[in-house]
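Chain nomenclature is as follows: A, B, C, D, E and F, assigned in order of appearance, with residue numbering initiated at 1 for each chain independently.
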Amino acid sequence: MDIVIATLTSPVILFFILGMLAAFARSDLAIPEAIAKGLSLYLMAAIGLKGGVAVSESGFTPDLALAAIAGVALSFAIPYFAYALLTGFGKLDRINAGAVSAHYGSVSVVTFVTASEIFTGQSMGPAGYMVAVLALMETPAIISGLMLARRGEKRENGNGGLLHEVLLNASVVLLMGSFAIGLVAGPVGFEPIAPLFQIPFTGVLCFFLLDMGLVAARRLVEARAMTVRLTTLGILFPLINGTIGTVLGTMIGLDVGSTAALGVLAASASYIAVPAAMRMALPEADPGLYLSMSLGVTFPFNIIFGIPLFAALAQAIG
Amino acid sequence: MVETVTRKRIEILVDKPLAQVPIRAAADAGIAGYSLVPVQSGSGRHGNWRNDRISGAENKVLFLTIASEEKANALVDALAPKLDSHSLLLTVSDVQVVRGERF
Amino acid sequence: MVETVTRKRIEILVDKPLAQVPIRAAADAGIAGYSLVPVQSGSGRHGNWRNDRISGAENKVLFLTIASEEKANALVDALAPKLDSHSLLLTVSDVQVVRGERF
Amino acid sequence: MDIVIATLTSPVILFFILGMLAAFARSDLAIPEAIAKGLSLYLMAAIGLKGGVAVSESGFTPDLALAAIAGVALSFAIPYFAYALLTGFGKLDRINAGAVSAHYGSVSVVTFVTASEIFTGQSMGPAGYMVAVLALMETPAIISGLMLARRGEKRENGNGGLLHEVLLNASVVLLMGSFAIGLVAGPVGFEPIAPLFQIPFTGVLCFFLLDMGLVAARRLVEARAMTVRLTTLGILFPLINGTIGTVLGTMIGLDVGSTAALGVLAASASYIAVPAAMRMALPEADPGLYLSMSLGVTFPFNIIFGIPLFAALAQAIG
Amino acid sequence: MVETVTRKRIEILVDKPLAQVPIRAAADAGIAGYSLVPVQSGSGRHGNWRNDRISGAENKVLFLTIASEEKANALVDALAPKLDSHSLLLTVSDVQVVRGERF
Amino acid sequence: MDIVIATLTSPVILFFILGMLAAFARSDLAIPEAIAKGLSLYLMAAIGLKGGVAVSESGFTPDLALAAIAGVALSFAIPYFAYALLTGFGKLDRINAGAVSAHYGSVSVVTFVTASEIFTGQSMGPAGYMVAVLALMETPAIISGLMLARRGEKRENGNGGLLHEVLLNASVVLLMGSFAIGLVAGPVGFEPIAPLFQIPFTGVLCFFLLDMGLVAARRLVEARAMTVRLTTLGILFPLINGTIGTVLGTMIGLDVGSTAALGVLAASASYIAVPAAMRMALPEADPGLYLSMSLGVTFPFNIIFGIPLFAALAQAIG
């Protein structure tokens, strides 16, 4: 129970709730887009560096490889399972179901960062290599989602552009790049830049989650394409995927923090890399649909309920 | 007075991730010059949107090009089938330009 | 060649805090679709202004909509009495569009 | 005299003066708007949190209630007094006088923040609850100003939209929201985010005041609607209102720092919330007028002269 | 219906450091009002550019003004010799306005 | 050799390389312009302050005057030398050669900042007054470049506007202004703002160089006006000018760090103040040309090779 209370009274989560309340009350509070974008780049560079420095100390372990394989497998597989529920229970057509399913196979960087922050406060911080797992999980789901959406269609034009876009999208490059820099620099090289990338990190996360709360709640308020069934799936997916991820993490023998983090990654849905890729590859799909589900429903659910839940689950079965 | 000739001004509102669609279509129609103008928010049959950079999937941009009538027609013809599927908003109007041979 | 029809393009320069004025007037005139384009600075009879977000009171934005002649006239009539008091700058021009029934 | 010298040689004020000089010399130095906006949100979140944490330690005291009542009363009353001078001595018409008067009843967040910073450096930092007083003082003046401007007119359309805008405007929501978060989190919860919200605070304020100096001086240089009479009022108002505020603070028994802060709040004029509200509610009023007075004249006057003045007054009569 | 009259809408794409060129030319032609609209990227015979604020040397902006035909002609004549050397993109079109005496 | 390895493994340089690689791979990673601009203002304010505080401690010394004279002389003279090579070997016409030559006489703030950072890590930090030298070197080259480009032409219109622009351009004003503030505030006044302007400095520089890497490499990828000859000059100029600067610094008796910094300043080419001035004063010159050379070729060359080179040279002959 500790982690639930710790989560709900931490300033990080309180700022998120403040943002949601402000948006629900239709306040005009807004963080300039350039700032929000800048903060998200900061968060990615910071966790990349931190992960790289940690791995430079711990070295490459079998755990790392196992977690990476598990993560990639989850990212590939989840869309197939989600697609079935989206077309069946959710009543979506093939293209929209494919587009939405890709979001759930992929991951949310901010959900992961918030979870790491909360877990670390509970002395169960995930291993440094989980940042690499995060980066690896971003893209496989896009391929699965596209295959589902394009099933039975003849390829009209080469998807070289998309593949490039997906593999070299900003967040993958920044996460992997700063992970590599952290590896090379190690703790000594990291020291002079820690005053920017480590010490104010939690505060920046507060500020960023204020914005995320605003954006998520506005998305929910203005959602028009949403149905009760889709909203239900937006909560069911993280519950199921998160449980699968946590169980898998325990089975492959990860430590409790990394197990919970794998659960959170599986539970989370992308709202940066995947929407842009889907808009490009499946222009006929309705962006209002997948953004409302991933950003409006699943993201807040995970931040407020999912994170403590998978932590508790990982502790219980770990 | 300087001599001016009539050319077409084509304005296309397009989602940022799809901006390559009019750019490529213009290139195929022989139009090399264009400018992209930012748009900050809007409303239509699909509801409201506003620029947010968290998920840039719904951000829009105004593709603007000046071209000869012939090239403009080619561009409009090429994009017509995609107007609905890609939710493009396309308008064409007449403008006077000074150095007509450039377009 | 794709068939096009003539519609009206209405452009209104308006202070950001007053952006709801043309938006509501357009809705009343039956126009649901519009886009807002940022403007960064300008000059007129009231002197210079430039976008600053400290006090956004003077920031301006370009309200842009495509509509049928009938709806456009209704919008212009509705806004005409406010042009001076709200210092709006309104222009109307002809544009060609492909899916005329949409506007 | 100490506080005068301390004020004028503090980097915070020097950056403000640098900004003014650069704008007067028509240098092209400019802080991007998104950055300026981001910094102002940071400053509000930071002082909200700090105030909330302080009140979580001191508890709710009678002083808090008294200061709040005094502040709200000042915000309501000042516009009536200002309106009289603006229509009389200032020769403004009803609508413009109403619009300007609302600015003087309301408050300037940055003036308050700068004063707190300087007062704290002189070991007379205001009490934490003054942040709540600041937030409470933002809006009553808007109502007074509108009643003055619309006097004798029949209401044409409901002002529901405006009321909503005014009560839930960004700065009120952010100040009150982070005050509440500070209250809940307390000193322990604040600790991990202090490296962002407390430690670099003074430096951020320098940077922000550089921008304010640029903006204020440009406003002054380009002011066209200003007359000598209005400029005089732009200096007279802070002198009179600040004195009233300081005396009132002493009378209700606030500590010296909070008294001086109440003086500064009364003396300060809004240039964020009120201009936007006035543009919306009184489109016929000339925004050049009220922005030139509050931002071009009163703001610099308070930053450079008002702050040390009301501190000295509070010390003298306290 | 409100009465409208025809005026000219002049649009000039110009490099930001050179924005004073059309502004001064407009003032000389008796045009006091204008607005600057941001542009974010583009492509032409000199290749691609995109707004970056590190070196703002290539950033562009859209100078927009509404003016009477007479003043518009004066402005176009004044700028015509600079179109190439300053790489300006200038277009003129007709628009309807309500308060014609203002322009 | 130490300094070469230290340079290439420092996170500052690694982030620059990451940016270049991302741009070469055509990733869509991008720092919002407002953030990049804000960071560059931060860096200028921070080094200005730091330099001012240092001089407030050391006092004005003859070294300062000598370095300033040497810097101004270099800035004036280098364009003449560069112009000769640009028209001869580079095959540029008078106007383009004049425009490019001005860039090489002037300086790059970020190159200087990066060098200071690396030199300080090697216990050879340059003297505080070098910041003033940096600011002084920005503009003389513009005058030389214009005289070369306009040689034999009759002045068509007064260049008052340009002169004003050049002398009061944002970076000169901010550098000199914060230098003055640092002088007035001294170490005691600087202390409360050090948590913003000093402690996270290296981290901010990393973030900024990530952006510079992206911008420089994109410039290089999209360069169309570049020839092999001009690329060669883009590398030759920093080698020659940097050597001249380093030798001159040694001759006038500067300490090793300041000598190396003078070398770096001479080697560096402007890509902020000068391009904007040239676009204004010489609209016929091709901006693609001078930006590709200074930003695409010379800047990366200096960051990766020039900085350790001139440090080694200064140590060898110092």
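The rule is short, and it goes like this: a contact is a pair of C-beta atoms (placed from the backbone, for glycine too) under 8 Å apart; a residue touches a chain by one contact, two chains touch by 3 or more.
The shown structure was predicted, so the numbers you read here are calculated from the model rather than taken from an experiment.
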item	value
Least hop count linking chain D to chain E through chains in contact	2
Touching chain B and also chain D, the following chains	A, C
Result of counting contacting C-beta pairs for A-D and A-B, higher pair	A-D
Rounded Å distance between chain A and chain C, as computed from the means of their C-alpha atoms	39
For chain E paired with chain F, centre-to-centre distance based on mean C-alpha positions, whole Å	34
Inter-centroid spacing, chain E versus chain C (mean Cα positions, whole Å)	19
Per-residue overlap in chain A, given as positions that touch at least 2 other chains	32-35, 37, 200
Residue numbers of chain C (touch at least two other chains)	37-38, 53, 93
Category of the chain touch graph - line, ring, star, complete, other	other
Listing of all chain pairs that touch each other, if any do	A-B, A-D, A-F, B-C, B-E, C-D, C-E, D-F, E-F
Residues of chain E touching chain B in the complex	11, 13, 37-45, 60, 62, 73, 76-77, 80, 83-84, 89-93
For the chain A and chain D complex, residues of the former touching the latter	9-12, 14-15, 18, 21-22, 25-35, 121, 199-200, 202-204, 206-207, 210
Residue ranges of chain C in contact with chain D within the complex	15, 17-18, 20-21, 46-48, 51-58, 82, 85-87
Residue ranges of chain E touching chain C (in the complex, touch as defined)	1-2, 4, 7, 9, 23, 32-38, 61, 66, 93-99
Residues on chain D engaged by chain A in the complex (per definition of touch)	32-35, 37-38, 41-42, 45, 49, 164-165, 168-170, 173-174, 177-178, 180-181, 184-185, 189-190, 192-197, 200
